[in-house]
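To keep things simple, chains are lettered A, B, C, D, E and F as they appear, and every chain counts its residues starting from 1.
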Amino acid sequence: MRLAICPGSFDPVTNGHLDVIQRAARLFDRVVVLVAVNMGKHGMFTVDERCEMLRRATTHLPNVEVAAYNGLLADYARERQAAAIVKGLRAMSDFEYEFQMALTNRKLNSEVETVFLTTSTEYMYLSSSLVKEVARLGGDVSEFVPACVVNDILNKTERTEKNDR
Amino acid sequence: MRLAICPGSFDPVTNGHLDVIQRAARLFDRVVVLVAVNMGKHGMFTVDERCEMLRRATTHLPNVEVAAYNGLLADYARERQAAAIVKGLRAMSDFEYEFQMALTNRKLNSEVETVFLTTSTEYMYLSSSLVKEVARLGGDVSEFVPACVVNDILNKTERTEKNDR
Amino acid sequence: MRLAICPGSFDPVTNGHLDVIQRAARLFDRVVVLVAVNMGKHGMFTVDERCEMLRRATTHLPNVEVAAYNGLLADYARERQAAAIVKGLRAMSDFEYEFQMALTNRKLNSEVETVFLTTSTEYMYLSSSLVKEVARLGGDVSEFVPACVVNDILNKTERTEKNDR
Amino acid sequence: MRLAICPGSFDPVTNGHLDVIQRAARLFDRVVVLVAVNMGKHGMFTVDERCEMLRRATTHLPNVEVAAYNGLLADYARERQAAAIVKGLRAMSDFEYEFQMALTNRKLNSEVETVFLTTSTEYMYLSSSLVKEVARLGGDVSEFVPACVVNDILNKTERTEKNDR
Amino acid sequence: MRLAICPGSFDPVTNGHLDVIQRAARLFDRVVVLVAVNMGKHGMFTVDERCEMLRRATTHLPNVEVAAYNGLLADYARERQAAAIVKGLRAMSDFEYEFQMALTNRKLNSEVETVFLTTSTEYMYLSSSLVKEVARLGGDVSEFVPACVVNDILNKTERTEKNDR
Amino acid sequence: MRLAICPGSFDPVTNGHLDVIQRAARLFDRVVVLVAVNMGKHGMFTVDERCEMLRRATTHLPNVEVAAYNGLLADYARERQAAAIVKGLRAMSDFEYEFQMALTNRKLNSEVETVFLTTSTEYMYLSSSLVKEVARLGGDVSEFVPACVVNDILNKTERTEKNDR
């Protein structure tokens, strides 16, 4: 049995993330979608909210589980005896950063291989921060994220605006 | 009549921005230089100050107007029935980000086309943040920005230093 | 009246080329699709065949004409008093080469501006050489090129194979 | 059982290729190293010689086989019901080309996923053409290729030089 | 006598930095490792701590000195009559930023040349922020930094955590 | 005394090459401009003609010599006890290729360091092949190459055209 980890901040999950998770679920026996706990950065959603949204968006994928981790990805991969870390690539700048992380994770845990997949071209321009920016400026995000999380984003965006005043 | 929009934060306008605006003014019947209102980031200049500096720097271009907008660029383009969004490209990393924005804006408003122009090679290294950094460290910015905004930058830079103490 | 030139080798025209030509036809009053005559390289199609295929593929665009030219693009642009050279960008490596050509053409003719457009994401991976490679290996090219040129490619590909034996 | 294909021209196999093949052999149940038959280009080695060298270099990998194919990779993947096409990434320019091929192969065969792996940093600069260039100029290639193919390269290089005189 | 400057924030010095400093020390008669004082950003270490760590890590290099500067690099280079600014390149994004800085510094001081070196492949993925991230998440940084600064990082990391509680 | 090598094909020398050679001549005690003898490719000029043009273009630089070499650059560097190989960087794609060559040369000769310089922005788009293309299409190359080689290019271009008929 080969287990793969799809790490990310997923703040919130987009159709691009979901596309990569689905592709990973076909390539590996079991996939863990791992929400990185980054104490330094405040997100739109809490780690628990992100996990909950990911669980809703992946209910149709029986070999996918969702988890959060507050440590080195290389250590989590060792604990779970993961065969692969799966990352989606959209653009050059993704590639550079992910390449650097892949080489670092190899240094920290030589047992786990980083595997890059490409998203569908229609999702290539998508990112969580773009989704949040469009929502903040009153645009429609329903083409960018799974239907089951649109309301979460709208609710959170309204709340943010009220806090601003 | 075809209208083009040159969006940006222009904090402050540089010779590179001005070069792109002038090229756009030759290609289109009317050009709106649009200062994006970004509530999240504090600039060196207020949105009003940026507009005022842009107006001074573009007085010689009769078909150019300056405006500010607090919403989605795609929506503003729709309101003004713009034919094009014009962006200057300096480098690879510009290209990636602008490419992503162009695809997003196409998704949000299929009527407006993003058009990329290249600046003169002498302005290719210029950015507003570089200008602010040079000014902060006591360097001469008169080669980097229109003559009519040099004093605005010097005044703002002095004020910032006094606040620091 | 502003005239734009879409230069290329178009050997053969792809859906990606057509997408850029259509976008240019909305932005400019008149568009010349210009087949570059490159004596050094032998294409799959002669320059006359390429022009003929382009004319068939652009009959629905009344402000588009097709021409061939055996000289410097900058000189052709001067002769036609073109306002712009229009290029589609697909990827980083396109960008670099096109950037270099844009700066050269500006040096040779400062009156003409190079304008970059982005193709639809579904055509971003397309190139004439990829189409020829797929055809040569027996794949279906009907998703990659305008319907009116599929047979031209199949005929030419068969002929090439017969010559090989 | 999941089968992966490692396609390439392997003219000749390098330590970088071998590194990617070994990583693929850990991630998938079976790996086919597929030598692409490209009628257009003359290599240093014939397709049969390349296969033979690859077989020698992969004898220690029981789940790896070597084959040659004279058609579309997407069709071969369909025939073998492959789950993945595996490519090693060394640099940006690799990434661009491979990205384009991945999107094309997805269009031609939506069942097969392209998977990118990174080579060890010590092999990141390696390519078959670099190996041939170093050999041609009298340099030592034993650090660049598997020990079992060094003599094949030296023999072929000497023969080429004799033909030149 | 030719003097070169190796500027950076060195927060903290990594094996990659040290590799570039050693290469510069072979190419130039005297090398100044210059810690940039950036009032805007709070580092893990103070400027004095960074200088002290750099001095410890370069004691074996007799023609290397360490200094800090609170102004324009171009001005410092002029004061010291430096022949070169030396920067290590790891990746594309480094290149773009460094290229921009090199062109700016040339504009501000035409006497000093920016010189780019490449680090060893084993250090290509290294950065100070990656080292801090690994340390923060409890990973081992002894492969990433000079042995003489490992404890400084561990001490600082512990202190940060205590402050967080 | 530190010696640097500026390798290239220089077919023909451009203002961009000359700009890099001049910068190298300020940084090192002695500079060898080394014309690579590449038996595989036919240039516009013979190796002897290229050397002769380079000598004419560098007569004002007393510490610069011109040579040709028919072997590994790493070996030539060892023979001359060179401290550095100097390369000009214009663009991303240059960077990638040069990076690969730098790592290869380090593997083949650890004594010599590859040093990258940036050309003036006005020469950033220049390449020998672009110069030849402009000349072939009847354009003016006098802004692109040293004045003393303009006639060599015109003569060679005419001769080529006569041979074509």
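Here is the rule we go by: a contact is a pair of C-beta atoms (placed from the backbone, for glycine too) under 8 Å apart; a residue touches a chain by one contact, two chains touch by 3 or more.
Given the structure is predicted, the values throughout are model-derived calculations rather than measurements.
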Chains touching both subunit D and subunit F: C, E
Shared chain contacts [subunit A and subunit D, defined touch]: C, E
Comparison of A-C and B-E by number of C-beta pairs in contact, larger one: B-E
Longest centre-to-centre distance from subunit B, chain (CA-based): D
Most distant chain from subunit F by Cα centroid: A
Proportion of interface numbers common to subunit A and subunit E (over half same, under half different): different
Inter-chain centre distance, subunit C versus subunit F - centres from mean C-alpha coordinates, in Å: 33
Between subunit E and subunit C, distance of the C-alpha-averaged centres to the nearest whole Å: 47
Multi-partner residues of subunit A (at least 2 other chains): 92-93, 96, 99, 103, 121, 124-125
Chains touching one another, given as label pairs in label order: A-B, A-C, A-D, A-E, B-C, B-E, B-F, C-D, C-F, D-E, D-F, E-F
Residue numbers on subunit C that touch subunit D, as the complex places them: 91-93, 124-125, 127, 130, 134, 137-140, 143, 164
Subunit F-touching residues of subunit C, taken from the complex the two chains share: 39, 71-72, 74-75, 92-93, 96, 99-100, 103-104, 107-108
Residue ranges of subunit B in contact with subunit F within the complex: 92, 121-122, 124-125
Contact set on subunit F toward subunit E in their complex: 2, 23, 26-27, 83-84, 89, 92, 95-96, 99, 102-103, 106, 113-118, 121
